[in-house]
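Note sheet for the following structure.
Labels for the chains are A, B and C, by order of writing; each one numbers its residues from 1.
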Amino acid sequence: MRQFLSVHDVDDVQALVAEAREHKAAPFAFEDLGRRRTMGLVFFNASLRTRLSTQRAAQNLGMQVIVLNTGQDAWQLEFSDGTVMDGGSAEHIREAAGVLGEYCDIIGVRAFPSLKDRTADEREEVIGNIVRFSGRPVVSLESATRHPLQSLADCMTIEELRTVPRPKVVLTWAPHPRALPQAVPNSFVEWMRKSDVDLVVTHPEGYELPPRFMEDTPVEYDQAAAFAGAHFVYAKNWSSYERYGDILRSDAEWMVTAEKMAATDSGKFMHCLPVRRNVVVDDAVLDSPSSVVLQQAGNRIWSTQAVLKRMLEAL
Amino acid sequence: MRQFLSVHDVDDVQALVAEAREHKAAPFAFEDLGRRRTMGLVFFNASLRTRLSTQRAAQNLGMQVIVLNTGQDAWQLEFSDGTVMDGGSAEHIREAAGVLGEYCDIIGVRAFPSLKDRTADEREEVIGNIVRFSGRPVVSLESATRHPLQSLADCMTIEELRTVPRPKVVLTWAPHPRALPQAVPNSFVEWMRKSDVDLVVTHPEGYELPPRFMEDTPVEYDQAAAFAGAHFVYAKNWSSYERYGDILRSDAEWMVTAEKMAATDSGKFMHCLPVRRNVVVDDAVLDSPSSVVLQQAGNRIWSTQAVLKRMLEAL
Amino acid sequence: MRQFLSVHDVDDVQALVAEAREHKAAPFAFEDLGRRRTMGLVFFNASLRTRLSTQRAAQNLGMQVIVLNTGQDAWQLEFSDGTVMDGGSAEHIREAAGVLGEYCDIIGVRAFPSLKDRTADEREEVIGNIVRFSGRPVVSLESATRHPLQSLADCMTIEELRTVPRPKVVLTWAPHPRALPQAVPNSFVEWMRKSDVDLVVTHPEGYELPPRFMEDTPVEYDQAAAFAGAHFVYAKNWSSYERYGDILRSDAEWMVTAEKMAATDSGKFMHCLPVRRNVVVDDAVLDSPSSVVLQQAGNRIWSTQAVLKRMLEAL
């Protein structure tokens, strides 16, 4: 595997999920594979799960890990070509990426969208330029429009927990006081569409996800109707794509509650975390046995390990 | 050992001190014990000695170490139960702790008190919730009311340097321009009370330490009387416990000076560092051979190693 | 080697360059040399290349690495002797350095100048005090007046690329919107003077480098004349030494351009990075095959590895 930016970099999702489960069963089976190899993790944004789980995955494979928090540890970067750099940015992404390529065998990058300029966000300038100028395999640690390591862990969690051959999976929008990216839901839809599930997306009007991710995925504007008979309920807030980055509503009507979960078929509750309690989902759901959010978070190690193993093998 | 939050988690202080001294004599005797184990260090506050010495201790035992600086690297956390999280906190300690438990075999936590709300500080919500929700052994890297790894290093230093079977140890309050926690003196008293020493605490009126730590420890309000014949003088500032978090005085009268040390029995000067020169203690003491503050700081490695070794053995 | 603060700590520059090239050819030939050894990296300022390349070099030699970002991770430090520390600084460099010495086998330090007080900057208080009070070998990761690891990588890059026995090397000042240190040019001159090259320094009047670094190095105030026949053009901005820290001009006249490079003898373009595009140098140069800035940055690993290997051998 030469890059891991989206589901399109994976030939067979089911096979990769199966490998992730093998890593979970035997975490150190390939602990010599990454010997003498260095992974660089570049964070343009805050991170807890991704930061820790990626380090664990790389270390389980025997790699060294170097973490760079840009802004805080290093310089502000410039992304536009041809700019006269006489402002706040001290370094251009071309040089920064080239240098990362000199020092690291594999590079992980987290770079959130601005949520101000949709066209710019969709260009994925940060991670795209690091791919282009580093000359190294790059793993997305969540980019402007996708979070594929999360989606792979989500696929793995559903595979571990499903009780029917083809479960009904509901992705539901939920309220949040801040404007959040569409990366997690975009990615989740993209990966679910390659999985053996019945996917339904439910959200208020105005929160339609980008057509290039949704394609013919059914949308149900009635949340209660969507939850009926669901085996998995995946909650997530996102800001509007149409009125890009806007918060159209934040009232509690779309919060996931125990009452709503009662309409599912013993549905499991999923969320990528961090989650705002009693805003996105109530305590009664999160503290119930139906919540699998920690198993999901734990699976971030093994899904990342499956990706890194393939990258190490291709070096 | 399943947790290390206070002296009450240690059955035999002398035996643990003896083990710490063995690690000092042979730092790498157990370098395979922590193989394939990951220690997570979570800092809610700044740290120099604890940050570096804990990494050294864990690495000497063969562990991998992952450091998380909350706030700076990740999200602001919520601690109250039942809250509607529509404010500044993006994640609840229940999820954060659970996730740390998924990624780490042993967790170290530093979380200072607010010094505003005594009852809340005494609840030790941060470290208590991480113990409760992570399901992993937790080591205090200084909590709101205690700093047990420091106290263990202090016990070790006194054991190394004592010239009489039962030395006189004086814990003296000293001035400081900022309001500081009571964690170090609380903990020092608690550990000294389990050691073979004569402990005297001296401070101005109004700086009484919490009765649950002091019990029947003698208090001497006359600093000169306390110093007479002392073998060890342990200086530390703390804010008032009674008028919680207040600075009642900061004049130089209680500063430790070479003149005052002359009244001791060749007393050794101790401080946990960082120390403000010529405020807490004068240069003449700190730069004299009687100062053992660096030996004390160095012993932080070995005392931590003794604790981590016991935790690794109990995994 | 007991310290690496300047070229004066190196007996034979050519031999050290040769060793760096051997590390590049066989990065892991000494991967057991640093076993059980810990390198502490202390950053008083931001860093990308130095941060990552030093970690890589230390890890290639089998060392553990601990990184401390002062200010952000720990406390503000005091450097003056005899001060009453009742202000913003919580710890004196004497204790901080001593403690680093307790925890680390080798210490790397980055500490930029103030550019306000020339005499204070030239005292090199930060790195000097860490050398004095840590009792450990110290490597400069760029101090107030020098950047020797960069210069060693520069020597190595010139050695790799030179096409004549004694190449003409031009160090040219270039414009920049911010006041920058003289450390890189000072150091470059110092190292070039020990190398088999013809060095010419070119800059506008008022940007003369300190005489103690320049000695009898020729200065050419006409940039075009300096470039004529050059084999290497090393561009760098620095603020005025005479009018200490001042920016005397920032217009584009001194920018390195493709037109100017055409006057060289197929000259290679060098810069230590980060570089401001179209301010210091235009895109046409940076994106041309004559630019060797990434090779230069990559060589930071191997030059550091050569230094650390010698230090490990002397422990």
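Operating definition for what follows: contacts are C-beta pairs under 8 Å (C-beta built on N, C-alpha and C of every residue); 3 or more make two chains touch, one makes a residue touch a chain.
Computed from a prediction, not measured in an experiment: that's the story for all the values here.
With rounding to the nearest 5, the Cα superposition of chain A on chain C corresponds to a rotation angle of 120 degrees. Because chain B and chain C share one sequence, their contact can be compared position by position; here under half of the interface residue numbers appear on both sides. Inter-chain centre distance (chain B to chain C, centres taken as mean C-alpha positions): 39 Å.
Listed for chain A are residues 72, each touching two or more other chains. Put simply, chain A touches chain C in their complex at residues 36, 38, 40, 64, 66, 68, 72-75, 78, 81-87, 89-92, 94-96, 98-104.
Those residues of chain C whose C-beta lies close enough to touch chain A in the complex are 27-28, 31, 43, 46-49, 51-53, 55-56, 59, 69, 72, 177, 250, 273-279, 283, 286-287, 293-294, 297-298, 301.
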